[in-house]
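In the two complexes below, chain A is the common chain; its partner is chain B in one and chain C in the other.
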Partner chain A sequence: MNALALYGRYVATSLRAQAQYPTATLMLTAGHCAATAIEILCVFALFHRFGSVGGWTFGEAAVFYALVNIMFSLADMLSRGFEVFGTDFVRTGAFDRVLLRPRAAALQLAGYEVRLSRLGRLLQAAVVLVFATSLVPIAWDASTIAIAVWAVAGGVALFMGILVLQATLAFWTVDSLEIMNVLTYGGVQAAQYPLNIYAAWFRQVLTFGLPLACVAYYPVLAILKRPDPLGAPDWLLPLAPIAGFAFLALSFVAWRAGMARYTSTGS
Partner chain B sequence: MAAARPYLAAFRARCQLMLQYRAAALAGFATQLWWGAIRILVFAAFYGVNAAAAPISLADAVTYVWLGQALLALQPWIADPEIGLAVRTGGVGYDRLRPLDAYGYWYARSVGWMLARALPRAVLMVLAAGIVLPLVGLGDWAWRPPSGVTAALLFVPAFALMTMLGAAVLMLANIIVAASLNERGVNAVLTPLVIVFSGSLLPLDFYPDALRPFLHVQPLAGLVDIPFRIYFADLKGAAALQGLALQAGWTVVLIGLGRLAMERMMRRLEMQGG
Partner chain C sequence: MPQILVEALAKTYRVAERAPGLTGALRGLVHRRWRPVHALANVSFSLEAGELLAFIGPNGAGKSTTVKILSGILRPTSGRVEVGGLVPYEDRVRHVARIGVVFGQRSQLWWDLPVIDGFDLLADIYRVEPQRYRRRRDELVTMLRLEPLLDQPVRQLSLGQRMRAEFAAALLHDPAILFLDEPTIGLDAPSKLAVRDFVRRLNREQGVTVLLTTHDMHDVEALAERVIVIGQGRLLTDGPFDSLRASVLAERRLHIDFAGAAPVLEMPGVTVRARTERSLELAFDPTKIPTPKLIAAITAKHAVDDIHVDEPAIEEVIARFYDLHDAGEA
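On to the complex of A and B.
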């Protein structure tokens, strides 16, 4: 069985398991939807009170919000194995069993669990996106849709990269650290507003350190057909999401280094 | 005093247990620090264009954010996980056998649970946002001391009442968990309600003006919005006293409701586990 077919098998098993408890899955999804949707209230209230900021209206800001949340929800849904890697695999010694199997550890972790409840965030973000489209004129033609899909793919890669890094850290710290939430949830929080409203140092962190701007801010500018108020050239905007894939690749380099120094905690 | 002893013991035991997890507290603290920083960056951006539209000054908004981050664990976001566990495993049977007022016992434990999680983080937050930030020259972004002696004195009862009100809300959630055996459902409703209506997400005055009459009198305002505004003297004089009265009133009402609900629940409670 090749890697892709095996991954498909993992996903199917995970989905079947959740389908055994349809009510619980639906309730968890609804709960996740409500808990994450309140952030748009905050965005709305701020724009309602202060008017436009950095040249953006609420409708345009909502496009940033929607795309970032869509990216994160997909990555969050697909990377559960990496998220709980420290607690459930390293600390318990269960990772030894993973290593014994003649398959890449990363593949097994990626297929560990596909959590449907995380689609709750996707759901609310999709509603916001539809709503935003009615507020601002977005021409959803083939090229904008392509940019949006490409940006989401880059964003999913970026957030997965963060979760892989979080897992990698567990090779040293043994447990999963809540501190990485700073990058995941904190990243979503920061990137759901347009980048140019922030102070310069923070913009640089979000572009060159953790390239959230490359998967959210720049491609959304291209979707809204707006030039970058900060002066990035137009041709760069749709190319930027590639940074997400680069980040994921670097994360896997770190992951390999971590794997090489892994010593079991099991007895 | 002797009558209060078992409740104090329950409170102290829970505090000591919670204080064992220092690494978790530190990691949580770093997360909150970053979280607060992002909120402040967003506020700064909006204040930068149109500060006149804001109901409070930027310095007060910054203080509001740090206070909120420091006292995050006082918010009744999730039902006490031990209560759900006790009901599922049948451990609640022991609670029924104690010669104590069941509501008072759970209430004291809940207060202990909340304060033990909140206070260490609050101390660290004072150090980081109140002392270190001004020392490194970021005084504009620091957590400021209360605006004057009166505000500080008024914040003492406001803080006590926000804790008591929080525990009263938490107790209602605990009772629903015990009756329905379903923690996740209760938390899924409770968390967003508390975050929005307490003023954790945004100070309540930032929401559209038309909503103010409602937002200012609903019970959850006493959890964050009222005590924090007393802290930086946005509510002063009669308005501050009115705020305290609202907190106290809702605390009494919710404790009364909780007692009624607990009595009904306990009568119909079926023991789980073996």
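On to the complex of A and C.
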């Protein structure tokens, strides 16, 4: 069975395990939906008070918000094994069991637990996207849909990359570091607003360091058919999400170094 | 060419030294001092296909480190290891596809899934062809009497039932080599017997090479023809258990119940280990005083109700062996 098919089996297995506790799963999902919905209310409050921010309307900001949350919820759903790697695998020694199976460790971790409750955030973000579409004139034709899907794919890769880095650090620190939440949850917060409202140094960070702007800001400009107020060329906008995949690839380079360290220290 | 070859294996860990207390912990954050710990030093042995070897030693002796290196999880500091022609830690994925591992303290099954679903998933993980998988699974289910448990989620199994399922899980891909790390720990007596019986059958009937670590000396007595003792990272002895016993504690024990009060016995080469009002336990060396002669000498002078001879318990032999080699818990 090839890796992709096996991953599918892992996902199915995880879903079946959660189906053992249907009420808990349902309530977690609803809770997650409600908790994340507060965030869009905050965005709305901000725009309601100031009318527009940095030349953007609420409807446009809602498109950023929706896409970033769709990316993050998918990545969060698919990378649980990396997120809890320190506490659930390194500290408990369960990672040894992963290494005893004749498959890539990363594949086993990605399939470790696919949490249905994350559908709560996804659902909420999808609702916001539909709502935003009614506020802003977006032409959902083949090319804009393609850009949106491509941006989401790049964004999922980017957030997964952050979670892989978080797991990699656990090879050194043993625990899963809450400080990495600055990058995940903080990243979601930062990327759900348009880039041009930030100071120059922070824009640099979001473009070249942790390239959240490349998977959210630039492709959304392309979807909204707006030129970049900061002057990035139009042809570049739909290409930007590739940075997410580059980030993921680099994360896996670090991950391999962490694996090598683990096998030489055993802790 | 032996199936498992270990030559001059050494593993050194670096352990951070910490001064006690909060100030010590804070100082440790800034400036750490490392101390080398030699978990294994110059360990060599080899194992032919179909052998059954028990690895024993006190806690912290290096047993788990050895098993981890052999199973490809850990990379040694120096030395050479080959298992079935592969270097485990260089070729992890290919290597682990050919071995089975059971940890007594850790489960490899899916807690919330029925046993059978876990088996199915493992078959996919190990790329076992469906037809072969079904045949092998049915065989293991029969041998381990798992039929009534297959539909139950793993979390509902007793420890004994779960261990039987763990054994099946480790063997679905039909490995030629099985590593067992304390497989009987915490089990009740019937479950221990079932595990030993299964391991013996697997080794004798199917020719699976077994390497087992344990603290339960009855596992050793019941299973292993060959025993390796390690202490403080060094290999102390490698051979049949009987020769270990002979080299350490050749004495026999004579238990006597007297018809009347137990007498005061003074015989050269015989020591009184325990006495009650009407019984004695004597220790003697059978090469110096043959057992029949000792019994004859006692029964000639005293009226005896019952008498039997035995050997020191295996735990005692091992404890004495650790003492002799100064190999107590590290």
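Just so it is clear, the second predicted complex is superposed on the first by the 262 of 267 C-alpha atoms of A that agree within 3 Å, B and C clash if a C-alpha of one lies under 4 Å from a C-alpha of the other, contacts with A are read in each partner's own complex, and residues count from 1 in each chain.
Following the convention adopted for this analysis, a residue touches a chain if its C-beta (ideal position, glycine included) is under 8 Å from a C-beta of that chain, and two chains touch if they have at least 3 such contacts.
Note that the structure is a prediction, hence the values are computed from the model and not measured.
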First (chain B), second (chain C), both or neither touched by A:L41: first
Partner chain in contact with A:R103 - chain B first, chain C second, else both or neither: second
Partner chain(s) touched by A:V53 [first = chain B, second = chain C, both, neither]: first
More chain A residues in contact [chain B versus chain C]: B
Partner chain in contact with A:G93 - chain B first, chain C second, else both or neither: second
Touching partner for A:A200 - first (chain B), second (chain C), both, neither: neither
First, second, both or neither for A:A142, with chain B first and chain C second: neither
Those residues of chain A which chain B touches in one complex and chain C touches in the other: none
Interfacial residue positions of chain A with respect to chain C in the complex: 1, 5-6, 9-10, 13, 16-17, 20, 93-94, 96-97, 99-104, 263-266
Residues of chain B defined as touching chain A within the complex: 23-24, 27-28, 30-31, 34-35, 38, 41-42, 44-50, 53-54, 184-185, 187-189, 191-192, 195-196, 201-202, 206-208
Touching residues on chain C, where the partner in the complex is chain A: 13-14, 65, 68, 71-75, 89, 92-94, 96-97, 101, 103, 106, 108, 110-113, 117, 121, 124-127, 153
Interface residues, chain A side, partner chain B - complex: 24, 27-28, 30-32, 34-35, 37-39, 41-42, 45-46, 48-54, 175, 177-179, 181-182, 186, 189-190, 193, 197-199, 202
